[in-house]
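Each structure below appears as structure tokens.
Here come two complexes built around subunit A, the first alongside subunit B, the second alongside subunit C.
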Partner chain A sequence: MAEATLTSNRLKGLGGTLAKQGILIAFIVFMIGFALFSEKFLTSGNVMTVIRQAAIVGVMAIGVTVVVIGGNLDLSVGSMLSFSTVLVVDLHDKIGPGEAIAVMLVATLVLGALNGFLIGYLRLNSLIVTLGMLSAIQGLTLIYTGGQNVDISHQDTTWFAVFGRGQVFGLPVPILIFAVVAVIVHVVLAYTPYGRRVYAVGGNPMAAVFSGIRRNRVVACSYLISAFCTGIAAVILGSRVMGSQNNVGQGYELLVLAAVILGGTSLLGGSGSVLKTVIGVLILGFIQNGLLLLGYAYYVQWLVTWVVIILAVWLDVAAKRGRLFSPIA
Partner chain B sequence: MTKMIQKSVAAGVVASGLALAGGAQAETMTIGITQNNVGVDSYQTTYEKAFIEAASKNPDVKTIVLDAGGDVARQIAQMQDLIQQQVDAIIIWPTNGKAVVPAVRKANQAHIPVIVTNSNIAKEGQEFIASFSGPNNITQGAYSAEMMCDALDNKGQIVQITGQPGYTTAIERQKGFEDRLAEVCPDVKIIESQPGDWNREKSQRVMEAFLTKYDDIDGVYAGDDNMGVGALNAAKAAGRKDIIFIGATNFSVGYEAMARGEYYGSIYQSPVDDAKNALQTAIDVIKGKDVPKMNYFDTPKITQKNMDQFSKPVF
Partner chain C sequence: MSIMNKSSAARLWRQVVRHPIWFFVLVIFIFFSLATDHFFAFHNFQNILVQTSTIGLIALGMTLVMINGNIDLSVGATLALAASLAVDIQGWPVFESWGDWAMLPAVIAALASGIMLGALNGIIVWKTGVNAFIVTLGAMLGVRGLVFIYTQEQSFYAMNFAYSDFGSSAVGPLPTLAVIFLVFTVITHFLLARTVHGRNTYAVGGNRDAAVNAGIRVGPHMVVNFMIVGFFAALAGVTLSTQMGASTPNLGRDYELWTITAVVLGGTKLTGGAGNIIGTLGGVLAIGILRNGMNLMQVPAFYVLVILGTILIAVLFLDKQVNRKEDGELRV
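Right after this comes the complex of A and B.
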């Protein structure tokens, strides 16, 4: 009965299509809006700048997407980015760029493994674990540096500069890294057994376990992927700035989560995709840039981002239940 | 770890100092300091080291060195502790210029002189403090404006990247800069100001947007060198030359960029001078000397031309 009533009230035609593609439509509306008010907005130089800036959040968001599809959260990525960037920048002058990147990636993976162990194997709540890790890792970073900023001394001669400042075939390297990471993780999620297990574990953990999926391992691995992506983002950030403050990643965890949510990945797990997250990342990036070009301070962006997220979530839910307003669910 | 040891040693020394003071007529004075947030930035870390070092060189001074960790509530509790211990003077680096006023008043009522260091407390608290020791940020902004004026020869358009909104330092530097620039260089226009939050990466992003938006930028004034160097990074990446960069609070990265000829100038503000000035102010207040209410320490201009007179900042 209820089912029938619902069906009869389903959004049809244009309304339904609109709701289903809410996030893309929001994206296009924003692009047009900003382009109308700022002639510089849609120039190729500016578009490149925005994607290059968004690459750092983007690479992290791709990793976090895997975690979220698996039914968990990762709020620790913000201070993990601080830690990794500080580490790679500090070690650069001491042991050389290649070695610094290797050591940093290993250290970051250890942090990811700790997250993965606590959440995957001990089955602790991911919100509590990663929120705790957020401050724990920030503490670790401050202990490591003693509060000092770290800098790379010979910025113009090190090949480390390529990751944040270089170009290949006319494309900025951060954009290429972003694209490569997106494609790889997309393929892993969509076409490999591991990918399917992540969706299964996030969608219905019980059923997944009874189907013989080792939930512990799948979840733990998702945190390793997230940590690895944060490590890559740290290389881009460190190379771009050629130095690091102790709290450089502060607030990134929320930007990353916002991008994932904007992309339509369900916080309940089991659904979502990397490509949608990429769109979420781009929306955030263009909103920030567009507002700056229009002369608004960055904190206006927080407000606008919130509105966009609410709209995106609402349209997403509306598309799933087939109507914009619902008295039941 | 070392910091904790130092602190507990200092506290121990103070305790024994107090015990001794009862018997022997030693003229030791005990000065308590509650700092804002030592671990988070280089400036504060260096400040604390310099403060402890300067105090240890003076045999008449015992210190209790505390850190509020950026937490207002903890700072207020630390103030109460210091009042309880009846120290001879309290130095406070406010975590928040308004919220600490009641605690400062309480110290004042207990006849313990309070010296505010680095960033001042709100107006309503001024009557309760013995002195403010720190940089004059209005003057710093004005100095930067004068340097900008010299560099641009009174024509051109510039952008401004300010510190975190709401920070007294950020507000005062901006005001000092804008007021003085209008006086000395009325033909240099500030076309836009945006906050960069004392953050190099954020400042770099803001500058990238400015570079897209304006084809012609002659100068950049940043509220500190960290942000100034971020802006410089952006301009270099975009291949935009002939932009004058002027900052404040000279950082080692700014100093190096100046040495490379890419950065015009800054304001030399040493955390060591800041710490020494605070300690000396406290000692003078205890000894009953006449101390100015606003006891600024000198923060001179530093440019490519005179930088050899300054040692490279340690932060």
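Right after this comes the complex of A and C.
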């Protein structure tokens, strides 16, 4: 016991600060490193490009952050992105852009509500439910399209283009959407009763229930938020590409989760924040971009991401534990 | 007489409750036998076994890791790396004079890569104390990166046809790949049910602190199980590449999800401590028979995805209804 206190005291010094802000420090080190080796890296044009490309993963990751803080996982967002993008692109020519977005958001929310019902109210394991939904939604998407890809016929005249390609005050619209979603969800999590309940449910479900929180509803709502964010990401993606393959979101669920984890949100629930996730998303984006600028092939980023994820989470865990290595024999 | 009927019915019911997936396998087996002309044929059963052997081999190892309370998401990438190594190395000029024996170092290298990646995952989980989900999620990305770096995004083709002949060969009435799968199923079942290592696997997953107190070296134990799943993923990569006579860098994408689906269908708990190989075999066969049967009924593959997802959730729901003994469960 005494030894443990001593160690944690020692870690409270410089090392502790370093470990606690590990991800921010890693971010800064990466930025400086890339900036030293590539002149283009820190130009505003390049930074804009990175954030614009990261916006889709970013918006989804913000929704998933809420789910993860509540102590659950959402693996279904990848195939939900495929589904929503296909739906909004396909309906665009049939019923018009505004209606297409509305119908798509409703359909996506229905899927989110199904997740929420199964996990929140029936209390089934979130990993397996969303794994099942991943497969089922991918199937639904393929049934809907009959295996065909979809696209928008009059790409130059539709105002739908604004979400993926437009600019407002010199800022690309995807970045603005990303920022707006981040701010809204941050406010919800940090300053509203609902946000406090999410942390309570994720941190200690038993205590939360005993203090009168309706856990079912809180968890179900977190899946609605996650689905809604995925719907917004689908609008950006559909508008940018002006078409969609029926498996466009494949693998996104794990990229999104990687960003959330990298930001420092614990998979155990109860801690984390939108700002952390935004940093996680940006780190992934800048690693990708920086390595490409340095002339490495695109797949080298995966290798670097591997190392960065493990180091980041290790530091986080070690800081909480007060020692570097796990004590288990 | 009626008493005996009752007790045997009760025993049957208990078996069904213990392995609900086998009941499901039986139902879909009968259904497809009646519904399609070509399902109930020995030739088709051979097909099903070969088709399921890839996911099946990985699922054997995954069962051990999941009973431990861990998970391995990197198996798909490991499979791709092993397949690429196995197909590429046998074509190296060094082994030109070896003839068919060139396949030997290639396969050994492939299996070794799987074992080493498993050991790496295991040691990271052990030493850092980071959740296996996160460690192997990272490895899933990173190992796929290694595959692309190694292959330079190229597909490899086995120039020696003996390699792909092996994939379509047979031992007596059974395809060789099916035999490999069944033999390893028996071995893994024995390992889990009859050895100290198997008993420790349940102990570590059931209550890690108790396992530590009982003197089990939890860390090395988990590393061994990660090495086993790595070995099986690599072996699946080798067998899959013998079926195609080739390897592609994108091989095995989503296999981690299929494998986990099969293992969970088989009744293994994500929280660890429960599960067995008989259940996993049922889960693997359920997926295989469903895919094969619906294919024969000319149902588009899309519907299989929806049905599998639904079944996965339904099994989870039923399991929860049947085994409502979690005392700490909150009912609100």
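Operating definition for what follows: the second predicted complex is superposed on the first by the 314 of 329 C-alpha atoms of A that agree within 3 Å, B and C clash if a C-alpha of one lies under 4 Å from a C-alpha of the other, contacts with A are read in each partner's own complex, and residues count from 1 in each chain.
Methods note: a residue touches a chain if its C-beta (ideal position, glycine included) is under 8 Å from a C-beta of that chain, and two chains touch if they have at least 3 such contacts.
As the structure is a computational prediction, the values presented were derived from the model and not from experiment.
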Clash-or-fit label for the pair subunit B, subunit C on subunit A: clash
First (subunit B), second (subunit C), both or neither touched by A:299: both
Most subunit A residues touched (candidates subunit B, subunit C): C
First (subunit B), second (subunit C), both or neither touched by A:82: neither
Contacts of A:147 with subunit B and subunit C, given as first, second, both or neither: both
Subunit B versus subunit C as contact partner of A:239, first or second or both or neither: neither
First, second, both or neither for A:49, with subunit B first and subunit C second: first
Contacts of A:108 with subunit B and subunit C, given as first, second, both or neither: neither
Contacts of A:131 with subunit B and subunit C, given as first, second, both or neither: second
Touching partner for A:165 - first (subunit B), second (subunit C), both, neither: first
From 98-106, 134-142, 152-160 or 296-304, the subunit B stretch with C-alpha clashes against subunit C: 98-106
Shared contact residues on subunit A - subunit B and subunit C: 142, 147, 297, 299
In the complex, subunit A residues that touch subunit B: 38, 40, 43, 45-46, 49, 53, 142, 146-149, 151, 153, 165, 237, 240-243, 245-248, 288-289, 292-293, 295, 297-299
Touching residues on subunit A, where the partner in the complex is subunit C: 75, 118, 122-125, 127-129, 131-140, 142-143, 147, 205-206, 209, 214-216, 250-251, 254, 257-258, 261, 267, 297, 299-303, 305-307, 309-310, 313-314, 317-318, 321, 325-329
Subunit A-touching residues of subunit C, taken from the complex the two chains share: 73, 124, 126-131, 133-135, 137-146, 148-149, 153, 208, 212, 217-219, 253-254, 257, 260-261, 264, 270, 300-313, 316-317, 320, 329-330, 332
Residues on subunit B engaged by subunit A in the complex (per definition of touch): 38-42, 44-45, 165, 192, 194-195, 199-202, 204-206, 208-209, 212-213, 226, 229-230, 233, 237, 251-253, 256, 315
